[in-house]
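Across the two complexes that follow, subunit A remains constant while its partner is subunit B and subsequently subunit C.
Take a look at the complex of A and B:
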């Protein structure tokens, strides 16, 4: 596409942002949770993709980085690699991030 | 919440293959990068439309400059611009480096097995470079599946490192066309077993490539007795090129 610029949009950060972390718009229909590192870095001070979570649906435990991330939706949706249950949703609403973590029974976070 | 995005200067571009390019980005402040991390790039069109893509960092130990290597996806929205049009002096909006999962940590003394499908070699190259720069004693081994000899990224540097005392060994699998005297064919479980550290060595394993490649290879390793918790994967969503 022509006309890209590295400068921010007049509407400020996040205005009209789409396709976050995508495989350049084509190909497979999901990414892995590694691609959540950037969006979650705006909310958490430590990297959350290394956190291990228990799926509230099936009980499988996996790192956020290992789960399946779907980005072609109004929110980014993370699904369990074992049962495909929704683990996490995150979307931006103006200057706010809306984070839905109800798919996890718990998260184990390495504090280093 | 402060914005995590900042503007960086494009300070170098170098053709890596006919379809891939390494781009040097200078940050406004010193930046720290762990080998395996990625950057998010955000591009904005004049009408305000934005696209964000993640690209692995290829370089190690920056003071203020990082390199990424981008493969052009023919119908891609962003990569043709980065590979064909972006020039030194341009600016990009980036977030990161980020990621703490698919990262080699030098405090881990284990042997390291790297397995790349096509452009999946990029974050693994950051690990290779960090290992070399630190003169780290852990043995490193890279298995690199690629279409043909011309598609190999960082060829000269890999040859040089593999021929030195750096502790790196490199094996190639050529899936479409090979140098004279070398076999052609896809990676399979038998070739894999003969080209990687065995499970008894308890290597830390990093696999990066297209989804199908990563899932197939990690499945073979688990079937061969490698503990799943020792295998870390990063999937490229689409046509990252398993070779």
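Take a look at the complex of A and C:
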């Protein structure tokens, strides 16, 4: 098995795909993770954008607000600023929010 | 800001027989992207089919263009609810590529440059239903729409028509891809509104 058939973790490109990404996201159509404040406030009682998470693909730790959010897609996709691996996906399905956090090893949340 | 972006321009027409349920017409061609756009030079591009036994065949750009080319006119339907009718593409039928493949697999996992994946049953790829396309409206497929080449499976929701396609992994069991692991439907027939699994 070569390259792509060594399947990446579900939902995310491996760090090895980085080289195909062009000039480091310049000109790409993403927002910063602060834009998740509204959607996540429908689910969590505290502001999650300051939560820091460890990327399960590359190990980098960043705040949700610092990650890259792609919104022109069937669900919002938050990607790691270091390796562009998927951190989080969230979509609305009728009266439900479907939240996929598997791209994080863990999240650290200040309880104030 | 809602979770689903609904900024796409479209004209609703519930009586339009070309439109599956819940869809509206888009006159433009919205660009959906769940990640960075890979920029793949044609000189570096290859397409590979790996069978369930591990044997594989691959085509570089020249070999791919040397295969019989077909012109396709098809309606496309995005799960975010826009449809674009009568789109024009040029490319190679999956039937042509599978002429050189021996397999008893029932499923494929489609792989793209950049790491995107989607699962499609072989029955939906063969029999004149799917192509690897490299032109849209007579021009080279731009990278934001999946160039150098993308899969085109117009009878399924458009997330199955993987942009920047690089290969097919043939499998006995169905392996869910990028959106399918997020709760989207394994099959994705727009006429049956197979949006969510």
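Quick note on the criterion: the second predicted complex is superposed on the first by the 84 of 112 C-alpha atoms of A that agree within 3 Å, B and C clash if a C-alpha of one lies under 4 Å from a C-alpha of the other, contacts with A are read in each partner's own complex, and residues count from 1 in each chain.
Following the convention adopted for this analysis, a residue touches a chain if its C-beta (ideal position, glycine included) is under 8 Å from a C-beta of that chain, and two chains touch if they have at least 3 such contacts.
Keep in mind that what you see is a predicted model, and the values were worked out from it rather than measured.
By the touch criterion defined above, A:75 lies against subunit C but remains apart from subunit B after alignment on the C-alpha atoms of chain A.
With both structures placed on the common chain, the touch criterion links A:66 to subunit B but leaves subunit C unconnected.
Contacts of A:90 after superposition on the shared chain: subunit C is touched, whereas subunit B is not. Once chain A of one complex is fitted onto chain A of the other, the partner contacts of A:56 are absent, as it touches neither subunit B nor subunit C. Of the two partner chains, both subunit B and subunit C are touched by A:35. In the superposition on chain A, A:47 contacts subunit B only, with no contact to subunit C. Note: residues 1, 4-5, 7-8, 10-11, 13-14, 17, 20-22, 25, 28, 30, 35, 38, 42, 97 of subunit A belong to the subunit B contact set and to the subunit C contact set alike, using the contact criterion stated above.
Of all residues in subunit A, those touching subunit C in their complex are 1, 4-5, 7-8, 10-14, 17, 20-22, 25, 28-30, 35, 38-39, 42, 70-77, 79, 84, 86, 89-93, 97-98, 100. On subunit A, the positions that touch subunit B within their shared complex are 1-11, 13-28, 30-35, 37-38, 41-43, 46-47, 49-50, 63-66, 95, 97. By the touch criterion stated above, subunit C contacts subunit A in their complex at residues 1-5, 30-40, 48, 50, 54, 79-80, 109, 111, 113-117, 159, 166-167, 169, 175-176, 178-179, 181-184, 196.
Residue ranges on subunit B touching subunit A, taken from their complex, read 1, 3-5, 7-8, 37-38, 40, 42-46, 48-54, 73, 75-81, 85, 90-93, 95-96, 98-102, 210-211, 232-240.
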